[in-house]
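Pasting the structures in now, so scroll down.
In what comes next, subunit A is part of two complexes: it sits with subunit B in the first one and with subunit C in the second one.
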Partner chain A sequence: MADFELKELLENNKFDDLTEEHLDVLKTMKILVDDGLDEKKVLSFRYCKEKYSSPYSIFVIFPTLACNLACKYCYERTSELSARTMDEKTVVNTISFIKKMAAEDNTRTILIKLYGGEPLLNVAACTRICEEVSSWAQQLGMQVAVVLQTNGTLLTEDVLDALAPYLTYVELTVDGPQKNHDTIRIYKDGSGTYQDIMSAMERVTKRGIHTALRINIRNEDDLRDVLTDLTERGFREKRGVTFYYAQTSSFGLCELFSNNKLCHDDEERALEMSPAVREVIKELKWMEHLEMPDILQKQKFVACNNEKKARYVIDPYGDIYLCFFRAGQKEYRAGTLTEGEGQFGSMYYEMLARNPLQFEECRTCVYLPLCGGGCAMRAYEQSGTFHTNSCGSMKDFAEKRILMYLKRKYPDRFEKVI
Partner chain B sequence: MKSSKYNVYIPTQDKFVVYNTLTGSLLFVDEEMRSALEKNQLEKLDDTVKKQLTTHGIAVDDDIDETAVYNYLHTKEVYAPSYTSVTVFPTYACNLSCHYCYQQWQDMSKSSMTEQVLKNTMEFLKKRIIEDKSRALLVKVFGGEPLVHPRATETFLAGLHQFADQHGIEYFGTLTTNGTLFRGELFEKLSPHIAAVHITLDGPEALHNSIRFYSDGTGTYADIMETLSLLGETSIRTCLRINIHDGDYTTTKSLLADLRERGFSKCTNFELDFGLVVQQDKCDLQLNVKEYIADKETAVTSARYIESMLHSMDWENTEGVRYPDDIRMDKAPVICDQTKRRRYIIDSFGDIYLCPSKAGEKEYKVGRIGENGKATWIHSFYDILTRNPLDFAECTHCAYLPVCGGGCAVHAKEKNGSYTTSFCGAVKQITSQRVLSYLTRYYPEKMGGAHQRPARK
Partner chain C sequence: MPEKKIENNQEKIKSSRYNVYYKVKGKEKHALFNTLTRAILSIDIELKEVLEKGDVNTLEPGIKESLLQMGAVVPSHLDEKQIYEFRHNMTKYTAEDSSFVIFPTYDCNLRCPYCYEGTEKLSTFMDSVTVQNTIDFIKRTTVENGSKVVILGLYGGEPLLYPEICYQIASAVKEWAHSNNIVYYGTLTTNGTLLNEETAQLVLPYIASVHITLDGPEDIHNTMRVYRSGKGSYNDVMRAVEVVKDMPKHLTLRIHVNVEDETYKGLQVLDDLEQRGLKGRENLHIYFKQLEPPDACLSLSLDKEYIKKKEKGLNKFPEVWKKAQEMGWGPHMSVEAGSEHGMLTFNIIPCDHLKRGRYSVDPFGDVYLCPMSAGRKHHSIGTLQKGGGLILAPSYYTLLTRSPAHLEGCSECQYLPICSGGCPISIWEETHNYLGSYCGFLKQLKITAIKSHLRHQYPEKFSEVI
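And then the complex of A and B:
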């Protein structure tokens, strides 16, 4: 907290009147830095460090693009992807690729995310990949974590028998309370899936596997209904059950990358909703199960976790992507699996060599350390190149986020600020 | 398809060698092909030839931006080297008085690490090793003569070995020593923690003793030979640095003959590394870039003499010979293995450096270790780590960039006053010579006598 006088002094770079004690505090907090220090270099160092030296490698695998549901909002449905399923040869190539890259990345932990489509439509591929990578990694002293992102409707005891030894956690989704969910997340015959998902969650938690439930909501009342139902079903008392919430977006995937206004509105709504939502979570005693980035943690040196080295998305065709929203769309592929290895193309190098400190707008932007130049894919979509910025709504919301955070953390001092 | 921007065309007697500095590929081509590549007229080539060119990176797909590829390789190498490397100077003191030692001229204090600095340094290193999340750790103990301070040397080698084992990190320790103190109890104690030893010989006994002597003037040759006999019985990789003075190969030959007689030419754990000793004033790059280049050229030509010398005396372990013209290790997008993340050079004062030959020269330090192993980094750390040759106009379009990486950052600072400038050094002048010399040794039939053995100076 600074008063107007201090703000003026800082903005005008005039520190002669400050006491030693004040200067020390400002220096410790890096609000003042030594004359010789080029903060751009510090930022560049941290940016490259975060981008290039990830301690773990992530492989997002699409065993299939097909799905047994017909959810109305699914972006994969609207983008008319084929229902391609990974064949045996591609499974073998995927396994070799994981081994090769994990070794090259010198990783200590391999994270496999089984994604789709509905990955459990190809259980054989899921099991084989988990099994072979795990036994290989074990010999080399690497750890393997497997995350299964599934709609839950195919998560039978038999499937769990095969996969449970490898699963670190299972990610499930509900689209609000049952009455809403069953009109959105539906089987192809139109019937709802809520009850089946709950039964699956029961089976997973019973085996001691961690469940992360994504709860899509329109408002705090939706969350109240879902959490109340989950409490009645006894999940609040279970260990290893976490959840996070997201508001239902009103637009599809192509708009996500091209329509800044819709994204802005979405984010604004999410921010506005958040205090009331948190109240509901507290009231229903679900706070300790909440696992999502806090309001200030959204900000990072590198804009997207998938823009980093050691991130690979592999689709059923055996193509390599960096952005998993683009899997299956060949014009965005970053490479292709060939026998025993992967061949990277220009998109891979362009994306990895992206550095916002080379963009004029970013070099002098005070928000750069929070934003990392914005989404590379959005920049590409809007300007035809990865080597440009995509500001998104960072500037619009950074201040609001900080104030909301402070109000929550120090209500006595910030009640009137916002 | 287009020609790679990283092709270097080297004429031989009747054809050309294309050396791709990004992939390290070497390809013999005729004049017509060279011209097609240089002019980027590749459409008419048949598919098999095209395929061959792209496989070796001599031609690339049109949409590939090789600058981005280089940038990727460079950044990856700087920020994610596969292992953590620690170089420690337990002491600057030495039990010898060699007249050419660079550390002697620098009026460096003969200080040794105090218990407090040793403790701080160990705490710092343990923290970094965990934070780096590396799968392997290389510990190099350097000096001065590290064995003058056996307690610190043992703490680093044995202590970090144990620490690495506890955390499932692969460990390699190396010791650079003059060889005179590495024996007896110390040898027994340290050997289990050492994968490689570096020892220098300055020539046959008389010459060596006139250069490498104890402070009382007695020579060290006999003592070093005793140490080598001990090492010959182990599996410790023993790298013998053999200095060649004033281009005099006759003395080198008598040294090799003596080593052979002692049976060391059969030791498969022994390696030979030849070095030309440079005069002190030649280190001043600002004045002597020409001489610097000349020395590098001499080093390349020396490979031929060394090769024929070893051949004529039937040196058994030829696998262990390192030639100064070996281009196989050149594919290095970052010129120096030290100017990267996960590299820590710590001197006996607890100062942190990024260049081992500048350790002790305070103006080159990049940080300092304080109490509880907490480090303070200074501006030069960020200057060096964020140095990217693609920011230098002269490097952006240079075909040698992938084997040069913008040159040595410290030389650049010495020559231009700033780390963030390029230092071409001798790369442009000697790369062709090294390639030809290398090809003549390993593929003499393909060189068809085209390359003349350099005449002895």
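And then the complex of A and C:
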């Protein structure tokens, strides 16, 4: 551990006063680097490597933009999106596009994410895409993984009969314990969905399909209630059940994308309650089911997974997007499907050529390796170009996360770190 | 995927920043070449005027559509430099295959007068520790890169001076690749003199492709490719060609031709090859080069005499190809645009060695990006450690992250997409800075190559292009 004097020496580049032993340790940890090494170039190299050579391709498919629920916080609900559903021609084009891009990306694994809207409002499209892509990929020795992100209310035995052979896992969401959930995640007639989601989870796990449950909570007590209920329903003893938790937000967009006060407060609260939440998980013996990136393991060079090559979002109109949250809004489309291929427009190239090492503000920022320049889409909305930084709350939280991580990982040394 | 535009006809368009024009002598026509899409068009003066100075939005819809397809006009909000940069980065950072060029030694049993390989380091060969480190390095790096294919190139020096080393490395890598579901491809670049039945039996089971050089027919070859004693090597090289001939392997013959000699006497070696039964052999590839040191692209790339000679070659090679085709060797050659030995290579990076997944390992265990730079210690990207580790030198990151679209002198150049700023290593040789801008004769050579390509590929339209 560094003492005050060492910090002084490091900050003032006074390395002559260091012992050999110190020097060795500091060099191994890359706290000191050779004078000739430009760490920005190392970062730029790693950034580009991560961005341009992904071993897998992800296709996020919106079989429909419609949904049978009317959750109060849903961003899709409040925006003026249509209830458009993918027609047969677009399904065929989507399949050709997946094959073409997977071949072009020289991918090893195709990840299909059925998203929406509620994807199971268009089971025919889901099934056909899974079926045709899987049999094609099998011949070429490629792996296919299918993730179904559904509200669960339409996950009947019949639907599972059709889709189960392809499903790698199913993602479900509950909005806290039933009494809260049933006021938020509601059918259009206002009735709650909790019981239906639990039944769906039962059916999925019974077939041996992995379930990933997102549990939205306001505080640790919410999580306690949900996990207690899940235990009573026998899910704790089931294999292939994982969960993660998130702060219930009234603005359900991703952390990078949001920089307004509401999201900032949400994230702040999430960090604050994190130690208490983990205590609850340990106490209720759910730790081995918890599957979420640790505070710092979130580290990535490219800000958002969808800013990389080999990421495609396809909406029911057959338009290609880079960001999930903009699907269906034509002014943000990066391309469009045509028979047998896709055609990309300028947005695609602009996004893919983005490199924060070329942004003045990012180049000198010590947090750049944790942040990657922030959300490209947000940058675009603020400045009309992807080629600029979008800090959002990043700097604030980077520091808080580091401190939180140190406290948790090395309680004996860093309990009082501020 | 082609850079087709999703925008419809109503949208505003502009001329591509990557259009270049060459006049056709005696005709009211111009050749248009787009350096990004590589599209070629014959256009009249009026259209050229509009493309260069006018408003392309006023063009007829039919013409607009074709020009859009070719990339000669683009939607007005499209920044084509981003397309270039995207494709450049894609090519540079993906490592679908990892390629390792191995120098078992820098030594050679020949003493060709034109060969520049230094003499001071000749006596060394790879010791057993370095051999093991090399094998470990190859395995480890291929996995780290996530490559589906590993390419092993035995090179030098003359690799067959140390057939045991070749065998040890190639057999270990091939076996490992097979048991790890990775495709293995082995190549051998040899002068041929030591490729006899014994070395063939030892090494060739691990080699899919053999590369041999001929300096022309016997009399010319024997004055150039000579043993230390001065004796010619022609018969020995031909024996190697015949050893490989009946094996199911790719065989590539590099044939040196002097373009100053209007009769192209060097081509006579083809007759001998025909007599030896090579013509029509499956997987035989031949290509022609001017006589030059193997590392000419580094050592001479800024030499005025060399550039002149190079330019002459670019103008003359179509004739050489035509002659060889007339002799019936067309099926063994690939000279069309985009092919490695054609006039116009379509690389979007300066050189195929300057990307992720490219390594050359010399007898000292020093690693280089580019085999031509091997032995020039300054360009080493690191030295192999025990267990095959490699701590990358700062220069690696400088070379890899060099971004031609942001280099002064390159960023606004119309030829950027076919040049990518030239070879940073040769630029270093001149400026001692990898990021230096040294266009030199590079642009002139690119223009010569484009025009030569136009002339020989489209003689009816462009034979008089100037």
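What we mean here is this: the second predicted complex is superposed on the first by the 408 of 418 C-alpha atoms of A that agree within 3 Å, B and C clash if a C-alpha of one lies under 4 Å from a C-alpha of the other, contacts with A are read in each partner's own complex, and residues count from 1 in each chain.
Simple rule for what comes next: a residue touches a chain if its C-beta (ideal position, glycine included) is under 8 Å from a C-beta of that chain, and two chains touch if they have at least 3 such contacts.
Because the structure is predicted, anything quoted here is derived from the model rather than measured.
Engineer: Give one word, clash or fit, describing how subunit B and subunit C relate on subunit A after superposing.
Structural biologist: Clash.
Engineer: Applying the document's definition of touch, where does A:353 land relative to subunit B and subunit C: first, second, both, or neither?
Structural biologist: both
Engineer: Quick check on the superposed pair: does A:23 touch subunit B, subunit C, both, or neither? Answer first, second, both or neither.
Structural biologist: So A:23 meets neither subunit B nor subunit C here.
Engineer: Check whether A:287 is in contact with subunit B, with subunit C, with both or with neither, and answer first, second, both or neither.
Structural biologist: neither
Engineer: Going by the contact rule set out at the top, does A:335 touch subunit B (first), subunit C (second), both, or neither?
Structural biologist: The second partner, subunit C, only.
Engineer: Counting residues of subunit A in contact, which comes out ahead: subunit B or subunit C?
Structural biologist: C
Engineer: So, does A:42 touch the first partner subunit B, the second partner subunit C, both, or neither?
Structural biologist: both
Engineer: What is the contact status of A:124 with respect to subunit B (first) and subunit C (second): first, second, both, or neither?
Structural biologist: neither
Engineer: I'd like to know which partner A:343 touches here: subunit B for first, subunit C for second, both or neither.
Structural biologist: In the superposed model, A:343 contacts subunit C only, not subunit B.
Engineer: Where on subunit A do the contacts from subunit B and from subunit C line up?
Structural biologist: Residues 34, 36-38, 41-42, 44-45, 48-49, 51-53, 55, 106, 108, 309, 345-346, 349-350, 352-353 of subunit A touch both subunit B and subunit C.
Engineer: Would you tell me which residues of subunit A are touching subunit C in their complex?
Structural biologist: Per the stated touch rule, the residues are 34, 36-38, 41-42, 44-45, 48-49, 51-53, 55, 100-101, 104, 106, 108, 309, 333, 335-336, 341-346, 349-350, 352-353, 355, 357-358.
Engineer: Please name which positions on subunit B make contact with subunit A in the complex.
Structural biologist: Those residues of subunit B that touch subunit A are 61, 63-65, 68-69, 71-72, 75-76, 78-80, 82-83, 133-136, 168, 341, 379, 382-383, 385-386.
Engineer: Note which residues of subunit C are touching subunit A in the complex, please.
Structural biologist: Per the stated touch rule, the residues are 1, 3-7, 75, 77-79, 82-83, 85-86, 89-90, 92-96, 146, 148, 356, 394, 396-398, 400-401, 403, 406.
Engineer: Touching subunit B in the complex: which residues of subunit A?
Structural biologist: 34, 36-38, 41-42, 44-45, 48-49, 51-53, 55, 105-106, 108, 141, 309, 345-346, 348-350, 352-353
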